[in-house]
Amino acid sequence: MPLKPLNIGLVGYGFMGRTHSNAYKRVNDFFDLEYRPVLKAVCGRTEAGAKAFAEKWQYESYETDWRKLIDRKDIDAIDICTPNDTHAPIAIAAAEAGKMVLCEKPLARTLKEAAPMVDAIEKAGVPNTVWYNYRRVPAVTLAKQLIDEGRLGRIYHYRANFLQDWTISADLPQGGAGLWRLDAASAGSGVTGDLLAHCIDTALWLNGSIKNVCATTETFVKERTHTGTGKVEPVKIDDACTFFCRFENGSLGLFESTRYARGHKALYTFEINGEKASIKWDLHDLHRLEYFDYGDPAILRGWKSIHVTDGDHPYMKNWWVPGLQIGYEHTFVHQVADFLQGLSTGKPTSPTFREALETQAVCDAVLDSAEQHKWEDVIQV
Amino acid sequence: MPLKPLNIGLVGYGFMGRTHSNAYKRVNDFFDLEYRPVLKAVCGRTEAGAKAFAEKWQYESYETDWRKLIDRKDIDAIDICTPNDTHAPIAIAAAEAGKMVLCEKPLARTLKEAAPMVDAIEKAGVPNTVWYNYRRVPAVTLAKQLIDEGRLGRIYHYRANFLQDWTISADLPQGGAGLWRLDAASAGSGVTGDLLAHCIDTALWLNGSIKNVCATTETFVKERTHTGTGKVEPVKIDDACTFFCRFENGSLGLFESTRYARGHKALYTFEINGEKASIKWDLHDLHRLEYFDYGDPAILRGWKSIHVTDGDHPYMKNWWVPGLQIGYEHTFVHQVADFLQGLSTGKPTSPTFREALETQAVCDAVLDSAEQHKWEDVIQV
Amino acid sequence: MPLKPLNIGLVGYGFMGRTHSNAYKRVNDFFDLEYRPVLKAVCGRTEAGAKAFAEKWQYESYETDWRKLIDRKDIDAIDICTPNDTHAPIAIAAAEAGKMVLCEKPLARTLKEAAPMVDAIEKAGVPNTVWYNYRRVPAVTLAKQLIDEGRLGRIYHYRANFLQDWTISADLPQGGAGLWRLDAASAGSGVTGDLLAHCIDTALWLNGSIKNVCATTETFVKERTHTGTGKVEPVKIDDACTFFCRFENGSLGLFESTRYARGHKALYTFEINGEKASIKWDLHDLHRLEYFDYGDPAILRGWKSIHVTDGDHPYMKNWWVPGLQIGYEHTFVHQVADFLQGLSTGKPTSPTFREALETQAVCDAVLDSAEQHKWEDVIQV
Amino acid sequence: MPLKPLNIGLVGYGFMGRTHSNAYKRVNDFFDLEYRPVLKAVCGRTEAGAKAFAEKWQYESYETDWRKLIDRKDIDAIDICTPNDTHAPIAIAAAEAGKMVLCEKPLARTLKEAAPMVDAIEKAGVPNTVWYNYRRVPAVTLAKQLIDEGRLGRIYHYRANFLQDWTISADLPQGGAGLWRLDAASAGSGVTGDLLAHCIDTALWLNGSIKNVCATTETFVKERTHTGTGKVEPVKIDDACTFFCRFENGSLGLFESTRYARGHKALYTFEINGEKASIKWDLHDLHRLEYFDYGDPAILRGWKSIHVTDGDHPYMKNWWVPGLQIGYEHTFVHQVADFLQGLSTGKPTSPTFREALETQAVCDAVLDSAEQHKWEDVIQV
């Protein structure tokens, strides 16, 4: 029985364009599904770039105007991989055209910008998801499973870090390919929207809603050449951001992100301390989950390193055999697999636009708190 | 400019059939090459199985007799993923038909069986390679680079282990899907050909030839039901094998493999101790290389954990960004990339059949030594 | 040439009384010094306890009133190991009597209580030190050395944690032997004075002064039986405390402590991120220092685990041979060694009372900030 | 009630003289015992050295002839810390004089030399022990406890390494202070008697007797200046030794030791693989035990790192509080504590001379096997 096609129109062909394209191409080799993604068209502002990407990744066609892409009848789903400032118009237009929408994180630059996106999506009633891909690292999904089984008991602490070191050099410009993340106009914010958004998404999923936050930010390099104007201009993004918070469940949260932590490339880590057990994970060894179980015999208590590569671990029966690790890109394959599965079952693919809006609300509260030097309540969305 | 097609005929669709198929399908998304593999046909003994695999992995056709596959004009390269006892006839026939040959490791069950394969390949003059995939783990390739740069100095010790625990249960049968590795008739040997062959291949590559060996083997579970006969029969493979050896460069080697090391799934590790520096690696965290440099300032000496995910690390510029790890399957993609590159440049893809024959000679010496309870010289091939 | 005696009068014989007594008894076996501590007298409130401790540890005599101990002519130095609320009166009386004073940390319950202690000490001009023992873990002292050598460059981030899990049970009372730490009247505060004080002391030493702080605290178990009254009473200490801060050198600080982090017994960790290098350390493996050097060749960059057991590492030539680790108690031996050395050279033994006052000022600012829900400047002392 | 004195006469004041002296001086501070060791006399060949050591460590007197020491009526126990070639005469004379004997490992240079020592000790019926101190690392003692409780089930593999790198320089002489270990006349053998003896002792204790062995040795630096003759002479010790063996319980053993493993200072490690569980330990982090339990829920299986610092871990209730590690020297304190306890209870202190003889037999078989290039049976003693 042939698989049903799902025609994909990809907007943006940078780093995320590659991870998503790979996911679409790999998913049916490893997951049994009713649908098969078809790489119908990629859209980018420069024709040469769009064409080259289409050839490289075997897209059937390319466009240079996302509005045209959305107008095409042969496209079922719009996947948004562009800088943050363009997410809202593309997503809203796509939803209004009745397309499914898969949007890179964060949803938008601000809560205000993101809210209409959710409205449009929900009004259109189209399948949708936001690419907070780390939920689908098997070790992270396993953490969620252990929490849902009640193994941790009452939670006291949730802490997460996302540490990088790639912007320490003052010679790096703001704006341009790969560097729009340093340009506040494109990105909205610095580490808060780029990195802490991941940490917050995972936290909301694993530990529930956040009531209020108290934050501080820092910009270590105050001026950088802007690639748009060619001039040295003030840097308006946050190079580092730290906040503590209260979760609805009474636990204390602590979050930190920076791009100035020499020695860490992409060290997203989290740790959850419960009454009965604790969990730790980090992205640099993403195939492991650390677990401490107070229920073990006293003389045998310790942190256990679970090599999450067995067939009974989340998603892993679809890959290789025990002991053989998968990597970063597989998280996107898993999200596509769940999305396609959702088309068959009608089950939404978390995080939906609605769910991702809560992360946006926390990010807004964090940035407000840092600016106001005081605690801020998170707006309920 | 469209890529040149390379038409693949795959024989065998088990675990290795999947890793190879994945490699063919992914390689052009990540590597800039002149050739593109085309999944022309898969061949398996049962029609239903072959057909299902062809559909799943998008092979254009399927066969149930490998001789027919080799006869097909539209096939450029034969890839052998069948149990060890069938490698020789298929490889020889393929070479004689002028096909390129890519053969799963080990080359054959014995040196005697393997030698004519090399003769046939060299007589035909066809491009060829043997899938000792761990050479192309980026961290292992980096180890090779460091050694070739002379960073270790004189080598004193080379040690390697391959520890698993999946055959401890006495209820496991010998023979059958995935379990032909326990059947001496199919596999030739136990851990020696299956696991130590990997360790030996890496060692020969990194540390040069082995002069002589002294080994011991053990079979912990003496009898298992044979799936072919349905009867309980003696187990003739080695469950565990240990040997020490002398390398040509004067260093001492120590190798161990077992499938009875509770707690280890696929723990291939090696360590090399040189006068100036030492190196460690293990497959359970394959994206890391441990390095000790005696040239560091004395108070700062220590083992360094290199997260092999940067653009200047072997193969890594083709994947994601620093900090984001790849996994097991990528080693096969790298081997295909190098093979296709070799078609353009004329450079052989190591290990060739000729090179893999040396591993076979060591395996033979190891098994002979264990049987004879004495040191054995390795036959020079 | 016989060593000069230094007659010690110890007040308090709990956990810290043991660590100090051990240090006095061991120091001359391992360090070449002019002075030898003599265990002259131990003082405790209950005669039976004081007498038993004196016998066990070979003190020559015991007292039950610390005023009498201070009055004794045969005592050179008073060592204070009692609960925090008694540090001030004992230290002030001892200083006024012209005795040297060694005081357990924290100096006192509050900055207000501690300030007169410093006045008294400085007026008396007596040798003094506060037992922030972790400065003298060889790995921590090595960190100080590396920083002083300029190896880290500009500092961006300083973060420290002190995580424990021993008070999770609600059945634990407040007050009583070993549990005075849960009684605000005795301890002054909870984790802030007990654990964060250590983190702050190290931070001030390694990274300089702190300008201002923003904190939050939590008390998870709101009521516990008080051993003094026998009644269930509100718990007034902080079970957990988190704060971020600005250092004078422009770096961002982040500190967290809790006694509710299941799985951590005494996990004091710190990490410092500099432009050129980063450092990590943790108390659970106190003999190791993690070091990342951006100056390494790019392909060889990584975190290095330095096993701080060589003769050229701080304090280590006095102990065993490379590879053989020392433990927790040795930090106290080192502090005694430095104190005795200081008697010969006239060099103060850090941290002095004056230096420890700054930690007190930070603790006060932290607790004030947590209560006021706003940033607080640290009072300059 | 005053403690009973046990008058110690120490022969040899090198590295081991210090570890033992420290143990005698500390044991009563931490363990409740009936006896207290008294440092009566130290004996060394040079008067200046003996006298200086006596002063440093507070021995009451010193001798320069061990025969005189043995003759002294005020000595209860002779502790032998001299090079291996002198163990036998001293131990035999001491036993014949009715003294208790505590002897550094290995018992002697050869089995032949050691056997009469056991005879003399047993004929005299005196309390005795051999300082295989690693049995009393709390983590190692815990391993013994877990095995005795049957937690591992049938054992398949036992492997141990002792890796060092301190003799790589060819400029190092043989003979002289600390370097008698390189002189075959003094030491008997190289790494076999010095390092593998430790590994073998632990193995016999944890895993039972060894039936037969197959070994190889290597001497990387063939000639070194001899400090006795002042001439360059052949090096007759083994720089490296590797052997595999069969234990009586059917498990396979693998042992390796070298002083040419760059990057390892004193890396004694062992791992035991059982049907139900596995254990790992290493001396560089001696306060940890790694444990894998196949009985854990499948999705939660992993290697657990037990921080062996709790009150219910072996020996640890005598030290500090959970999380605070002890070090190398404490193993000697434990052995003294057990020896003194044994004086009260009449229980022998393992390993006794008799038990240490078995290690000697294995060492002999190993060296014979290496020389003969064949399997050797271990002589039953």
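Order as written gives the chain letters A, B, C and D; numbering starts at 1 within each chain.
Simple rule for what comes next: a residue touches a chain if its C-beta (ideal position, glycine included) is under 8 Å from a C-beta of that chain, and two chains touch if they have at least 3 such contacts.
Given the structure is predicted, the values throughout are model-derived calculations rather than measurements.
Enquirer: Go ahead and align subunit B to its copy subunit C using Cα positions, then give the rotation in degrees, nearest 5.
Expert: With C-alpha atoms aligned, the rotation comes to 180 degrees.
Enquirer: Taking each chain's centre as the mean of its CA atoms, which one is farthest from the centre of subunit D?
Expert: Between subunit D and the rest, the longest centre separation is with A.
Enquirer: Centre to centre, by mean C-alpha position, how many angstrom separate subunit A and subunit D?
Expert: 55
Enquirer: So how far apart, in whole Å, are subunit A and subunit B when each is placed at the average of its C-alpha atoms?
Expert: 36
Enquirer: Can you work out the whole-Å distance between the CA centroids of subunit A and subunit C?
Expert: Comparing mean C-alpha positions, subunit C is 42 Å from subunit A.
Enquirer: Can you list the residues of subunit C that touch 2 or more other chains?
Expert: 301, 303, 307, 310
Enquirer: Under the definition above, what is the set of subunit C residues touching subunit A in their complex?
Expert: Its residues touching subunit A are 156-157, 159, 163, 165, 168, 214, 216, 218, 220, 240, 242, 244, 252, 254, 256, 258, 260-263, 273-278, 292, 294, 301, 303, 373-375.
Enquirer: Any idea which subunit D residues touch subunit A in the complex?
Expert: 142, 145-146, 291, 293, 296, 298-307, 310, 312-313
Enquirer: Please output the residues of subunit D touching subunit C within their complex, sorted ascending.
Expert: Those residues of subunit D that touch subunit C are 15, 18-19, 21-22, 25-26, 28-29, 56-57, 164, 166, 264-267, 283-287, 307, 309-310, 319-330.
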